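Some structures are shown below for you to check.
First chain A sits with chain B, and in the next complex the same chain sits with chain C.
And now, the complex of A and B:
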């Protein structure tokens, strides 16, 4: 039972990590990274490392995507400003 | 260095690393076993100091010096962000317009915000007893404040988040960790040695000697650091604009 859970979690991690690499649009990539964070947290919890799982949940699925999205917003706004100013 | 030589260097270093990793993996204990030489010793040491969460005992007692290093890395990284993302001479601040927020979103965030904040504080406070601790709880508490940006707007967030206070809090809690460590030296043992305070009763909030203190210091440091970090990113994304050259 536990082995099956671990296998499913590993599979989910592999799938979502691959999707994160294949996705080219940074906004979508941030969302996929959030999903990857959650799946990794599940994997760590299944492997009896809830401390690491909690860190992964907080950083990987909330903080990193948020920083990415804010960066994308800044870069796009700057590009818009440039185009509008000309 | 020619590209060819560089390629050789990468291949040599990569295969060396791979060989070492494989050799290390072959010596690992079997997957999923219930005995582990390091794990058993860590659990013994943490029980001797009446810390219920062995991970907290490793982080803030047995390997407290490593945690000092990690805290310094976070501190330095946030400091670097603050310097890099400051407002430069050719930029100005534009007050962001109040944003329109749909009512369900607003209601949901205002409902979730206190719950998330309380969860973060709970995870910090119970770091020495249950999974979690200063780092995890600090990130949760800090990000929960930013639900206000989602549910209301940037000005509402700025009102509950005087950035100077958090910068001071970051520095204070980082030094609190070092001061607690130095207290060990003054008491006659060693830097960050957990011999200063009584170990208390097992599985209560005050058990574990200096573990709850160091855990609280890390919680405050991480929460303040994340708030400052996100504030710099938000400033750049929302407020700071380049002055258009004419």
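And now, the complex of A and C:
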């Protein structure tokens, strides 16, 4: 039973990581990365490493998307300002 | 064969697999809803794992996720407000289904564990999970329009 759980969690991590690489739009990539963080935390818990899972949850579910989206927003604003100045 | 682990595997394969499909394809509104649902479904999975492995301290993970999952969704709702304003995502059926899964798991665990501090912790996790999930869904659906002008 434990092996089946590990297999399912590993499969989900592999699929979500592949999707995160394949997605081109940074905003959608941030959404996939949030899901990847949660699935990774579940994988760490299944592998009996809850401390790693705890830090992964803290970083992956809220912090990484926030940083990515703030960066996207700043880059887009700068591009708009430059286009408006011409 | 451990029934708790089996339930966790089923929810992981069915629920999180479906949200992964939702977040990988479709328009932006569907992806945002799928991301919200994935955190709402992972929390009951972590609770089931803690019961299945017989490690009560693993409940901390579910507690942290119940607290931080809606925060992540609120980040998306706030920073993607302009993109989502045109046609706001409404998925109350899926939201209440995920909340029902969470409530069912919490109640089953409360019935399985001896009453005491662990029960209070479980009930707190369940309340945070369902409350945060509903607030996040409402924010995604544009329920807090005044906040957008922050």
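Here is the rule we go by: the second predicted complex is superposed on the first by the 86 of 86 C-alpha atoms of A that agree within 3 Å, B and C clash if a C-alpha of one lies under 4 Å from a C-alpha of the other, contacts with A are read in each partner's own complex, and residues count from 1 in each chain.
In this section, a residue touches a chain if its C-beta (ideal position, glycine included) is under 8 Å from a C-beta of that chain, and two chains touch if they have at least 3 such contacts.
Remember, it's a predicted structure, so these values are computed and weren't measured experimentally.
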item	value
Which superposed partner A:5 touches (first chain B, second chain C, both, neither)	second
Of chain B and chain C, the chain that contacts the larger number of chain A residues	C
Touched partner set for A:79, first chain B, second chain C, both or neither	neither
Touched partner set for A:21, first chain B, second chain C, both or neither	neither
First, second, both or neither for A:66, with chain B first and chain C second	both
Touching partner for A:35 - first (chain B), second (chain C), both, neither	second
Set of chain A residues, in rising order, touched by both chain B and chain C	2, 50, 53-54, 57-58, 62, 66, 70, 73
In the complex, chain C residues that touch chain A	1-2, 5-6, 8-9, 12-13, 16-17, 19-20, 23-24, 28, 31-32, 34-35, 38-39, 42, 45-46, 49, 53, 55, 57-58, 60-61, 64-65, 68-69, 71-72, 75-76, 79-80, 83
In the complex, chain A residues that touch chain C	1-2, 4-5, 8-9, 12, 15-16, 19, 23, 27-28, 30-32, 34-35, 38-39, 41-42, 45-46, 48, 50, 53-54, 57-58, 61-62, 65-66, 69-70, 73
Residue numbers on chain B that touch chain A, as the complex places them	32, 53, 55, 123, 131-133, 135-136, 139-140, 143, 146, 226, 229-230, 233-234, 236-238, 241-242, 244
For the chain A and chain B complex, residues of the former touching the latter	2-3, 50-51, 53-55, 57-59, 62-63, 66-67, 70-71, 73-74, 77-78, 81, 85
